[in-house]
Each structure stands twice: as C-alpha cells, then as structure tokens.
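Multiple structures are listed underneath, in structure tokens.
The following pair of complexes shares a single chain, chain A, combined with chain B in the former and chain C in the latter.
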Partner chain A sequence: MNPSLKLLLLLLIALEISFTTIVSLNIALVLLAALYLLLKGTKFKTLGWLLIVPLLPAIGLWSTQYINGSGDKTLMAWVLFTRIYAFVFTGATFTLTTNILQLADALEQNWHLPSKFAYGVLAAYNLVPKIQHEVQIIRAAGLMRGQQLSFWSPQLYFKAILVSINWSQNLAQAMASHGYVEDAPRTHYRQVRLRLRDWLILGLGLSCLQLGVFVIPWR
Partner chain B sequence: MATIALNNLTFTYPQAVAPTLQHVSLTFTSGHFTLLTGPSGTGKSTLLKLMTGLLPLDDPAAIQYDQVNLSAIDQTDRAAKVAMLFQNPNQQFAMDTVENELVFALENRQVDPTQMAARITAALDFVGISALRQRKLLHLSGGEKQKVALAVIVAMDSDVILLDEPFASVDPTARASLLRRLVQLRDKAGKTIILADHDLTDYQALVDDVVKVTPARNIVPVTVAQRPALFQAFEQRVSTTTTWPQPTSGQPAFKLHQLALTQGQHQLLQPTDLTLFQQHVTLITGPNGSGKSTFFEALVRLHAYQGRISYAGQDIQRLKRRAYARQVALLFQDAETQFLNITVQEELAQSQKHAAGTYFTTARIQQALAQLNLAGRDEQVIYTLSEGQKKKLQILLMLIMQPPVLLMDEPLKGLDLASINALVQLLQTTLAATQQTLVIISHQLTGLTPLIDYHLHFDQQQLRYQGVPHES
Partner chain C sequence: MKWAKSWTLSDVILIALIGIFFGAIFMGTNYLYDVLTAALTPFGLAGLANELLLGIWCMPGMLAGYMLRLKGSATLGELLAAVVEMFFGGQWGAATLISGVLQGFGSELGYIITRYKHYDWLGLTASALTTTIVTFGWDLAKNGYLKLQLWLLVLYLVVRFISMFVFGGVLTRLITDLLDRSHVLKSTHTN
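Presenting the complex of A and B:
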C-alpha cells in the first residue's frame, strides 16, 4: 500500500479509537494488525516484544482507572488497557513494514511536498546514529580535557549544536555539489504510485472501522 | 569540455580583515589535470568553493566557464559543468547507502530513471567499488567514502572535477587507485581536473599544469623549469624507507589479551595478543578501513570489543572513566572534536588548568604557539581557524594536558611541510622532558620518522610489529 495513505489510515484509526470506549474494537484491531504483520513476515519474537513492552504502562493505566476512575470503572480500565495495545500494534504495521525513505518518496512524489523538506528530514534521520556516537565522543573528549560533561551540562549541548550546525552546512554544500537545487524538477528512480487500490483500501479500512464503532460494538 | 578563466578574482570572507584571495587572474585549460598547491590555510579550499558556486562572488565576471559567467549558468546545469570532491569524507552524502546516494545525484540531474541502474553500475565499476553498492555509507572507511564520492561525480558526468585535499585521510593504495582513475577521466573522457593538495608526492608525472598560492594571496603558474625543485622536497622523503627494531622488553603500557574488533558485521581484527610499551613512540600504519581508528576507540572505551585490554596491569573496563581519561587521552582525527570553548585563549587556559603535569608553563605555551605559527590569535574563534591551524592547536592542547599516554590519530593530516617540521620538533623536545607514551596512527611518514621507536602494521585483520628483530 502507498506509504502516505497507509500513514493517513493509521492516524485516522488512532484518532477515532481515542474517542471510543469499545474493548472488542481495540482487540479486533490488535488481532488484525498482528495478522498483517505475520503476513508481512514479521518474526514471532518481534510480536512477543510488542506484547511485553507496553505491558507496564498498560497495567499502570488499567490500575489507575480501576482504582481512581469514575463511571464504569471496570469497562474504562479495560478500554485503556486494550487501547494502548491497539496503538502499539497499528503503529507497528507502519514502522515495521515501511522505511522512512519510502515515506519521503511518497510525500515528495504523490503529495508534492517540497523536496528540500523530504530530503532534509531524510538526511537528519540518517544522521541519528552518528549523533548518538558523537555525544559519546564529546563526553569522552571533555574528560580527556579534564571536563566532566553531564547530560545537563550546557557545554555538551553547545558542542552538540555546533557540530550540528557544521554538519548542516556541510550537508547543504554536499547536496548542492551533487546537483541538488531547491524547487528544481527532479526525476524519480523509485517510483511511488498512488493507485485506485490504495484509495479503496483506505475507504474500506475506514468503513470497517465505522462498522466496529457503530454497528457491532460488542463491548 | 570547459576552459575556466579567473579574472581579477578577489575574495574576502565576511568579517575577515584581509582578503583570502587577491587579484587572481588565471586560466585553467580544458582537458588538463592541474595541481593547485600551497601551504594549508592559504585559500585553496576557498578558491574551489568559489569555482563551484558554493560561495557568493562580488564580481560576477570573476569566474567564467567558456566565457560564460558562473553565476549566469543556470543552477540546475551547474552540476553538469562542475562537481567537487570534499576534504572531509564524512560530510558529503545526504543518503544512507551508496546506491541511494548515486540515485539522489542522478535524480537531481534529471536522468531518465530507466538509465539510472546502468549508469550507477558503470560508475561503480569504473572506480572499482561495485561490492560497496548496497553498503551503508556510515560503515565505510574514509578512503572508501572518497571512492564513492568520485563514483558520484563520474555518474553525474560533470565536465570539470574539483578535488579539495581529497587524500587527507586516504591510505597510499587507495590514493594511487584514485589518482589512476582521475588520469583515466582526463585521458579517456576529456575531463578537466583541478586538485588542491599540499603533499606533492607522485604528481610530477601525472599533472599537466601546476599552480601555487603565493604569500600575497595570488595564484600563479609554476613553470616547467621551476617544477623539479618544488617536487624534489617531497620525493626525498619518500625514498627513505626506514625500518625500526622490534621491541624486546620494557614496561608495558597496554596489554591486549585475545583482543578482537568488529565494525557492524565486518571483522576488523582477529583475536590478538600484543603489548604496547611505555615511554616509547609506537607508529601504527595500515591501509584505510583496516581498523586503526577503531582500535584507538577501543583503547579509550568508545568502541565495543571482545577480549581484554589492560592498562598498567588493570582491565580498562574496571577503571573509572574519569580517572582513565586522565591517564590515556586520544587526539581525535577531527580537530574540532577536541575543542570545548570558543576562543583560542579559552582553550589554552582550560588545558593549562586541568593539565596532569607542569611542563607547559605560560612561557613554554607562548613559545610553542610561535613555533607553530599560531601566535597572536588568542581572541580568534577556533572554528574560524583553517583546518591546518585547528590541527596544530588541537595537538598543542593535548600536549599541554600531558596525559601519561597520548594516542594520536593522523596528527599530520592536512598539514604542510613547514608545519610538520615545527610540530615534530615540538614533540621531540616535549617528549624528552615528559617521558610520555605516544601511539601514532599516520599515513604520512614524512618528517615523522625521527620520533618513532617501534612500528606496528595493521592489515588483513592482523596487528603485528614490523622490522628486524633486535640484535642482542
């Protein structure tokens, strides 16, 4: 499915379930998402982690609601519990199957997002592992000069910001020297198409969601 | 094909007092390989950036490609005219993998997508790095990155190729290979090549023209008659193939026990037992990407490893980070990494305050600054220094700290001959007084040889002492 429409569908689902209190719908979404992930070849181990990691916040929300909540405490506790899982699993259907490059391609080609935005975000994303290592290096370099740089030390951030400014200038020059010109027309090697099928999946997905919300809410 | 004319080009950086380039009038002949030389920090990078259009010009007619003003060439067509390979291999890519970067460049050039795969294959084949196509740029060595950068330029098929100190962090094998490709690009494809370098080794037979930056910040051609004298200074250094003795016994600084290193899934070092000795200078050489810098990062606990490293008899993982950093310091390859403050004076004061020894008194610091040609820059913002000046300041700062062990990663990178000699002299006098242990990674041995006691070579996942066994 087209990555941009997939993201739109998931955002709409997340928005809608934030305003509903239907346990069966949340569970159905989790099951559908898990099924989709399995079809896309996700490992059972990864699914296991998706179940374990949100457990703590889910239990926290459940108990808060169960003890301190108002109205139908039990129902609301289970709604919140399952909603967390619904968020995590539907989110995973995007993050585990789509990379940021595909999304940037789609936003640029289908939605005519300015390419400088698409590539700026992409370049920043590609820098993340380098930034993590750089922070480690800055702190080590500080120690070697007799200066302890803790996580609240302004000097650490000053250095990090300097490094980023420097990188961004160099990156801009590098992009320019590789022929990149803002707002100039470009060709596209990885073609991302927005097909009728993508719109149908979006429509169908949203319709099914409305069925789950209004027509067959088992609770 | 493009002839480039500089017409009375003068350039001054905003806020700078003196112009970086002054009244430069020069023509670069189409299809020639021109070597641009001169000490570090004299405006070579600036000229190349001006010629690429990365810096704005006051006088639009100052730079012309085939009688057309550079600024009049449409921005989208500029990449077809001129492309640049940068000094720092880490900062010339926007994408994650080699292939994606090439695709990005070809998309910008509006190449028909159906032709892209073939052009990418051809460019990678030409440079000899087809095996790197799907690799992440983050995991490549400096030399490999420069090869990728050249492949991008080949794929974009620009007429003029500018290279700014492209071999500063590239080993001799990769350098020779890149130079061979450049000559091919000139001879087979008729490209105009302008390369800035202060190290003139190997160029004499390859280049058509040589131009140099004068002290008055002009750029003048070096006539054929003047060239031998210019090149000779470098040829001599190369012919001395020094060998050092193997270490016999001594106080160990580091002991490596079954040390193994990996980068991603790539094995860099097979399990190795080795000792590095105190109060000696050990040189580490080896091709690019063999893992020399990673080895240093492991020694200062910035890179994970298998096996055990002990310093002064203790496992370094058990030592407190802070205390260990006072014992073993790393001179990073990128000088800016070492800086913590804003002005030269603040940096010097910080090092002096936290120094582990007292050798560097204020008088000695002033003397060293004069020796390194850095005097009178106290109030200057360090980030506005040239690369060579940054490097010299960085080394001085770490010498002032006087850690018992100093690991130096390419300390001569980007330095001209005069700076190298001054620096080696400073190191010699300092070491004689402080008895520090030095471990140096360097591609460039020119001028460095008198310092070295032992020689380690890192290649093919092996790290071994070189040289003749000691006579005893």
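Presenting the complex of A and C:
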C-alpha cells in the first residue's frame, strides 16, 4: 500500500479510537494488526516485545481511572488499557513494514512536499547513531572538566545545538555540491505510485472502522 | 505553500538534528518516567509522571520556535522530532505524530497570539500556556482525563504548566542565552 495513505489510515484510526469507549473495538484492532504483522513475516518475539513495552503505562492509566475516575470507572479503565495496545499495534503495522525513505518518497512525489523537507529530514535521520554517540562524547568531555551534564543542564543542549548548526551546514553544502538544488524540479529514480487500489483500501478500512464504532453493538 | 519559501535546506536539517539530539538526551529520562510511573500507580496517580516530564518532550518545538523565529518553526520542530521518534524506537506509532503536531502547534500558538514579535518572557510564557492548553485538550480525550475527578484534573493541569514553563520556558531561555553569548546564530543565515 502507498506509505502516505497507509499512514493517513492509521492516523485516522488513532484519532477515532481516542474518542470512542469500546473495549472490543480496541481488542479487534490489536488482533487485526497482529494478524497483519504475522502475515508480513514479523517474528513472535517482536510481537511479544510489543506486548511488554506498553504494559507499565497501560497499568498506570488503568489504575488512574480505577482509583480516581468518575462515572463507570471499570469500563474507562479497560478502555484506556486496551487503547494503548491499539495504538501500539496499529502503529507497528506502519513502522515495522515501512521505512522513512519510502514515506519521504511518497510525500514528495504524491503530495508535493517540497523536496528540501523530504531530503532534509532524511539527511538528519541517517545521523541518528552518530548523534547518540555525540551525546556521549559531550557528556564525557564535561566529566573530564568535572562537569556533570544532565538533562536539565543548559550546557548540554547548547553544545548539542552547536554541533547541529555545524552539521546542518556541512550536510546542506555536501548536498548542494552533489547537484541538489532547492525548489528546482526533480526527476525520480525510485517511483512511488498512488494507485486506485490504495484509495480503495483506505476507504474500505475506514468503512470497517465506522461499522465497528457505530453499527455493531458489541460493546 | 508560501511559508515554505522562507525555509532553507540547512534550516530543515538543523531543526531535525536538534529534535534528534534532544531525543537522544531525553532517552536518559526514560528510567525516571518508569520509576515514577511504577511508584505512583498504586495511588492511581500514574499520570503525574507524564505531567512532570511532558515539558521535556515539548522542548524541541518550543526551542525551535524561540530560536529560529520562522513561521511554523515550533510546529515543524516538534513534528520532525516526532517523525524520527516514530521510526526510531518509538512504539507509540501514529499517536506519536498526532501528539507531535499538537504539541508543536500548541507552542506555535503562543507566538501566533503574540504576533511573532515577543521573543522574550511574554512570548515564552504564552507559548508554555498554549502548549499546556492544547495538549491537555487532547489528553482529555486520548488519556481519558475527562472522566477523572476534578481535583486530579486541576492538579494535572497545574503540574503540566509548571513542567512546560520550567523546561520550555526557563531552560529554553538559558540555552538561547548561551547561544546569544556565543554569537553562533548571527553567523548562520537563519537569524
């Protein structure tokens, strides 16, 4: 499916379930998403990890409603518990099957996102491992001078921004020297198409969701 | 897309890099979140951990809005941080993007109502306030805050504003003061 429409579908699902209080719908979404992931060849271990990671926040939300809620406390507690899992599993159908390059291509080619945004973010994204390393370097450099840099230290962020300014200019220059011109028309080696099939899946997915929300009285 | 014209490639990369850097720094606060959540869960106050730390997560947008002073910089700063978070280790999926847009737009709103003219304490406070209001509105639905008892709702709102003000306001100001003193922003074409 076209990455941009897939993301749109998932965004709309996340929005809609945030305003509903149907436990069975949340569970149905989790099961459907898990099925989709298994069909796409996701390992059971990854699915298990998806079950464990949100457990603490989910229990936190559950207990907040159960102890300090008003109205139907038990229902709301379970709605929020299952909603977290619905977010995580539907989200995983995107992040585990699509990468940021495919999304950037689709947004640029199908939705006319200016290429500087698509490539700018890609350029930064590819530096993630280097950035994590750089944060360690900044912290170590601080320790050598007896400075403990923590998440509330302005110096830590200041140094990170200095590095960002430096790298952003280097990267932009590197891209320009490789022939990239901002706001100029481009041709594409990797073509992403927006097919009728993609729109149909989007329409069908949303229709099924409305059935689950409004028609089927399975709450 | 008129606003897009005022952005250059290096601005986009810069704002995305800052978002990722901040994300890498915040990773160190995850243990704090877990410990606080676990400790507060038996009392039904787990949300307090989120409220205390939310200001940190809204920093990329608030700082970008204050530092770059371009229309849309707060929204874009937070959105780009959310996009990267979604692909890199973020397990919250599409909900991350919705939160990112709302947090960014919330910060932007503070500068919109001060007409992009008050890059001082007034603008920062307005931004902290609008970020609090917009994100809280979303949590009324998403995290079921609407169904909580009133005293808890007020407590959460106050704690969230303090967190936004401390991290998005005071810390942002301290960071940008350091940048001002070092004159780095003048050497770039962004300011």
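Just so we're on the same page, the second predicted complex is superposed on the first by the 208 of 219 C-alpha atoms of A that agree within 3 Å, B and C clash if a C-alpha of one lies under 4 Å from a C-alpha of the other, contacts with A are read in each partner's own complex, and residues count from 1 in each chain.
Please note the rule applied: a residue touches a chain if its C-beta (ideal position, glycine included) is under 8 Å from a C-beta of that chain, and two chains touch if they have at least 3 such contacts.
As the structure is a prediction and not an experimental result, all values here were calculated from the model.
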| request: Judging by the criteria at the top, classify the pair chain B and chain C on chain A as clash or fit. | output: fit
| task | Scan A:152 for contacts with chain B and chain C and give back first, second, both or neither. | result | second
| With chain A's C-alpha centre as vertex, what's the angle to chain B and chain C, nearest 10 degrees? | 80
| message | Contacts for A:190 in the overlay, against chain B (first) and chain C (second): which applies, first, second, both or neither? | response | first
| query | Which partner reaches more residues of chain A, chain B or chain C? | reply | C
| request: Scan A:167 for contacts with chain B and chain C and give back first, second, both or neither. | output: both
| Touching A:36 in the superposition: chain B (first), chain C (second), both, neither? | neither
| After lining up the shared chain so the two structures overlap, which partner does A:142 touch, if you call chain B first and chain C second: first, second, both or neither? | first
| task | Applying the touch criterion given at the start, work out whether A:179 contacts chain B, chain C, both or neither, answering first, second, both or neither. | result | first
| query | Where does A:119 make contact in the superposed view: on chain B (first), on chain C (second), on both, or on neither? | reply | both
| field | Smallest separation in angstrom, by C-alpha atoms, between chain B and chain C in the superposition | value | 6
| field | On chain A, positions contacted by chain B and by chain C | value | 119, 123, 155, 162-163, 167, 171, 175-176, 180
| Hey, which residues of chain B end up touching chain A in the complex? | 49, 52-54, 75-76, 78-80, 83-84, 86, 88, 91-96, 100-101, 103-113, 116, 138, 152, 156, 300-302, 321-322, 325-326, 329-330, 332, 336-338, 340, 350-351, 353-355, 383, 397-398, 401, 403
| Any idea which chain C residues touch chain A in the complex? | 1, 4-5, 7-14, 16-22, 24-29, 34, 37-38, 40-47, 49, 56, 63, 67, 80, 83-84, 86-88, 90-98, 138, 141-144, 147-149, 152, 171, 174-175, 177-179, 182, 184, 188
| query | Where on chain A does chain C make contact in their complex? | reply | 7, 10-11, 13-15, 18-19, 50, 53-54, 56-57, 59-61, 63-71, 73, 76, 79-80, 83, 87-88, 90-92, 94-95, 99-100, 114, 116-117, 119-121, 123-125, 127-128, 131-132, 134-135, 150-152, 154-158, 160-165, 167-169, 171-172, 175-176, 180, 182-183
| request: State the interface residues of chain A toward chain B in the complex, per the touch definition above. | output: 101, 119, 122-123, 126, 129-130, 136-138, 140-148, 155, 159, 162-163, 166-167, 170-171, 173-181, 184-191
